[in-house]
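The structure is given below, and queries will be raised subsequently.
Chains: A, B, C and D, in written order; residue numbering restarts at 1 for each.
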Amino acid sequence: MINYNVDKKGFYGNFGGAFVPEMLYPNLNELALNYVRISKSKSFKKKFNQLLKDYVGRPTPLYFAQSLSEKFKCKVYLKREDLCHTGAHKINNTIGQILLAKELGKKRIIAETGAGQHGVATATVCALLGFKCIIYMGEVDIKRQSPNVARMKMLGAEVRPAKSGSRTLKDATNEAIRDWISNPVDTHYIIGSVVGPHPFPDMVARFQSVIGYETVNQLNELENKSKPDYVIACVGGGSNAAGIFYPFLNDEDVKIICVEAAGKGVNTGKSAATSILGKEGIIHGSKTLLMQTNDGQITEPYSISAGLDYPGIGPMHANLYKSGRGEFISVTDKKAMEWGLLLSQMEGIIPAIETAHAFAILDQKKFKKNDIIVFNCSGRGDKDLDTFIEYFKL
Amino acid sequence: MNRINKVFQKDGTIMSIYFTAGFPAKNDTLSIIKELDSAGVEMIEIGLPFSDPLADGPTIQNSSTIALKNGMNTIVLFEQLKNLRKMTDVPVVIMGYFNPILQFGIEKFCESCKEVGIDGLIIPDLPVDIYNDKYQKIFKSYGLLNMFLITPQTSEKRIKYIDGISEGFIYMVSSYNVTGAIKSFDSFQKKYFKRINEMNLTSPLLVGFGISNKNTFIDAGKYSRGAIIGSAYINWISDKGIYKTSEFIKSLRD
Amino acid sequence: MINYNVDKKGFYGNFGGAFVPEMLYPNLNELALNYVRISKSKSFKKKFNQLLKDYVGRPTPLYFAQSLSEKFKCKVYLKREDLCHTGAHKINNTIGQILLAKELGKKRIIAETGAGQHGVATATVCALLGFKCIIYMGEVDIKRQSPNVARMKMLGAEVRPAKSGSRTLKDATNEAIRDWISNPVDTHYIIGSVVGPHPFPDMVARFQSVIGYETVNQLNELENKSKPDYVIACVGGGSNAAGIFYPFLNDEDVKIICVEAAGKGVNTGKSAATSILGKEGIIHGSKTLLMQTNDGQITEPYSISAGLDYPGIGPMHANLYKSGRGEFISVTDKKAMEWGLLLSQMEGIIPAIETAHAFAILDQKKFKKNDIIVFNCSGRGDKDLDTFIEYFKL
Amino acid sequence: MNRINKVFQKDGTIMSIYFTAGFPAKNDTLSIIKELDSAGVEMIEIGLPFSDPLADGPTIQNSSTIALKNGMNTIVLFEQLKNLRKMTDVPVVIMGYFNPILQFGIEKFCESCKEVGIDGLIIPDLPVDIYNDKYQKIFKSYGLLNMFLITPQTSEKRIKYIDGISEGFIYMVSSYNVTGAIKSFDSFQKKYFKRINEMNLTSPLLVGFGISNKNTFIDAGKYSRGAIIGSAYINWISDKGIYKTSEFIKSLRD
């Protein structure tokens, strides 16, 4: 049997590793040596699970979407990460990492953010546990996700604009890494997706795996089955996808679909469909698929959704793609926006634009009548209202 | 013997100057090397510009962005360096992030280096462990030395491990920081230099990150074989142009 | 024992009833005759509870607020209605009423809204169950709660501005009542608080009582006790308060605190502190306390929070006030805003400005060390970000 | 015998005109009454303005808002009406929402009504049941009649119940709507008028809500004893002022 989890050296097949300057070695080594042990310890698990329950609001429901199911003639379930405190799955990971940082004696937290959901989730847990918090965010994203910037400030975090490159998520990540290089002792860097150097991809996937494990329990309760036929998630870096895929990774009965942002169209030069447009390379310390020039310069991706606007994908997903274990579909801005509106009006759930991409595959795939399709409804659209309003002239 | 090893056999403090290929203008590469050669520097580092230089501060980031806009890339650089060895005998090192090298092809990259007379490489995001496992053999077969970094955070054990693998010299990063110019070293940094110096490593040490003036250069020389100067030189040529290079070198030396 | 619940004629002590024009009699009579029977039927309960669980995300956590508890030297719990789908307790009621409307064969839904939370909650359940939806909202509120206006539009609802009077909640309510008068057959009016004519106050309180009953269960689990020493909630119309008070109404061991909006100060003429400033009278078909001139004209209240900016309170609360069963405290804009920021930075929870009022009593009341204080954290502050940002110049 | 009952003993279609006290100007009350009296209307309804008139459409709402701004209130109104009965014998009804009456004090309100010669009341938000239980006695003791509404939605049983309680007449609301002027009655409305007419109630019927022109007035007269006209008259005096009242009345009558 093929194993789609991380190996001992931090690789998923040919992807992963920690391609970082020596300055980051001590931090990453400290994490790599300790994350499994700490996160499996009884006291950690108790605190983690308690905060997920009493603070985040877990378990999130697995909601049977009646109207969608009728329209698309299959059983559509939504895993409601949009109901998490702060509005997306991101907080599962930040709770895990902040507890880890506390265990490791860190005092200061940095993070990068694209859509702002990870920034808000990080600022939130820092407020909760009394950490100093600095969030790097691309200047472009600061503009298009202003409600989340406001939230971070309310929560007492400092938001530092990343002004280099495309001034989006990639550049915010560079800035965060530079900060970590400059502050290696007291600072923990909470990466917001399953990207970056080992052990981040695996660590984040483990913290997010609660999404998948809850789904298993809920399917047992609702359908008397422990696995769906399909699990579907949007992929920016890939953390919400990794979280819901986790229990099913090595069970090929369960089909996995990753939905990427095609932006204005895969071949328009304005896209973030990494699996199709990317080649193997190194980004942010990880060997993976990324969008780059022939010369190896990382290119500027484009998507209407700030959370998918990243030129790489996590190494787990690169491996799912190359191995054929996962199906990758890309969805344009236009389709995603339409699905945002459709989901709002059919189910009364306004999704994040990131999340809306996932649902758009309902138009493209044919399912069987009894197929159980689980979508990760990764976040809510409150942060995207301005974009929706402007797009649809509401 | 490799030019780098040779230079360390001589006495005196070594000054190694970094510049970004393609900055200020695309075709300045050889002119800058000529200037540095005649100013009498002991070593030259050519930065291969990268879109996402995550170990670098604003000065080098900015020079890289401009260099890329100017059209610099790996192919262009090797083309420019064809006549390098007709011009200078100073050891020349390429400093570049791993991804552009990977995309160029590692074997092809080594071949090109050898062809034009490059002596060694600093690839900051190629970790010493992975180099050791997968890449050392090929670089060695082309006679290229790979230099690795240590920092104030690097454990004694790991320093010894790096000492066993790093060739030419060890790049002693002066502080917790990305690249960038500072005015002087503090007592914490000096203690760190001293500690490493007293380890009596096999590889000689060069200090990098933060050297910007006579003060820091002389201090670096006290605890190591010399220093690598990057951001300060980039700032200088941004300001005064590349033909005032010898003034810069002089200002640091005496 | 005194009974603080509604009596058979729709009164709470001296308050309540249905003082409405004859045109509304058939609708109200239909409701009054059926709401208890339907809402107690097995099939209704099953649907209601299932939607609360799988769609709304109930039970909402009862979260022990560590930092607040330490600072104020008592046990502070937050009932996390802010985690409900759409962001406030309001949806508990709209789910109940839409199911009732369906049972009664209605096809069209109208509602009034102040903060927009009730409007969003109504638009949401209408999208979910395929009802036509019209929301009346004061012009002033449309401006100050623009994210919620955007959400209603995304959900397919029509938002009609109320342009008369103070152009806030009271006037939106007038407009909704006028619409109902004009459309008595196919339309159900989903009132958003425990106000209006009988049976609305009792019906809404029953649908919201899930908040209180969950609290009982959770206290049993967390504290091995089935009742807190204090329950505290902000009061606009009073639905979130009624919901959390419900199981404790007739148990005088449990102290009840209602927090009203003092606006710029109770005596400034810019206030919404109804219990202090109000007199008995009739508003929106209910006999209750309301702010009015000597001549019986209803006056324009003021609060920075749109959801508390109402000149009356529900008849249940009027009775709690007059009987002394409930303690009424009023909190200024300034204090409420400060507490919004404080809660964000101490607990990582950005509350609605309405909700923030409740917490401000922690400054004013002394509690004993082992006192268990349950706050109804009625809603989240996403809708209020602009106001916070502007107020604090963040 | 109360003037209202008397008027219903006569033959012919009854025209009852509503206006809002304090509109267009604070002191127009008596002047309007005088105009209506000399135009020969059979009944006058004085609207006591209220801040939140939830059974009224935009026309009456708007007149109420202006009246309140003009300073109209219950005290002022009774003051103005002191000499009412020196001026007219036409029955006069106050139509007002319950809250201002409550605040004035019900007993005091009845007293004042009696003093100035008011004949009856229409309090749209005082339900017939509560009136019956709690208030009928006191209103009766001052000789005031209370008229109640029925609508197309009111059940037969309830109409009979209201017929037992309503005094003077029953106010037959013409449609599902708040007050406001319409052009003509549709077949649904006519069927409804007919149905009620055929119930042979004890109380006479007046149609209200929507009567605006000769057409609707004549139709109302076919199925009931007459009509109440509000919004159409308010619109008229907004437009033409109060001294063109008789033209308005004539335009409806012939």
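Note that in this section a contact is a pair of C-beta atoms (placed from the backbone, for glycine too) under 8 Å apart; a residue touches a chain by one contact, two chains touch by 3 or more.
Values in this document were obtained by computation on a predicted structure and should not be read as measured data.
Novice: Imagine chain C is simply missing while all the others stay put: what groups of chains do you get?
Specialist: So the groups, chain C excluded, read A, B | D.
Novice: Roughly how many whole angstrom separate the Cα centroids of chain C and chain D?
Specialist: A distance of 37 Å separates the two centres.
Novice: In angstrom, rounded to a whole number, how far apart do the mean CA points of chain B and chain D lie?
Specialist: 97
Novice: Taking the mean of the C-alpha atoms as each chain's centre, how many Å separate chain B from chain C?
Specialist: The computed centroid separation for chain B versus chain C comes out at 67 Å.
Novice: When you check chain B against every other chain, which residues touch at least two of them?
Specialist: none
Novice: Which chain A residues touch at least two other chains?
Specialist: none
Novice: Hey, how would you classify the chain contact layout here, line, ring, star, complete or other?
Specialist: Graph shape here is a line: each chain touches the next, no loop.
Novice: Using the contact rule from the top, write out all pairs of chains that touch.
Specialist: Once each pair is checked, the touching ones are A-B, A-C, C-D.
Novice: Spell out the part of chain A that touches chain B in their complex, as residue ranges.
Specialist: 17-23, 25-26, 164-165, 170-171, 174, 177-178, 181-185, 279-285, 292, 294-299
Novice: Which residues of chain B touch chain A once you look at their complex with the stated criterion?
Specialist: On the chain B side, the touching residues are 50-57, 61, 65, 68, 73-75, 97-104, 124-128, 130, 148-151, 153-155, 158, 162, 173, 176-178.
Novice: Show which residues of chain A lie in contact with chain C when the two form their complex.
Specialist: Result: residues 53-55, 57, 60-64, 67, 80, 82-85, 87, 123-128, 130, 147, 150-151, 153-156, 340-341, 344-350, 381-382, 385-386, 388-389, 394 of chain A touch chain C.
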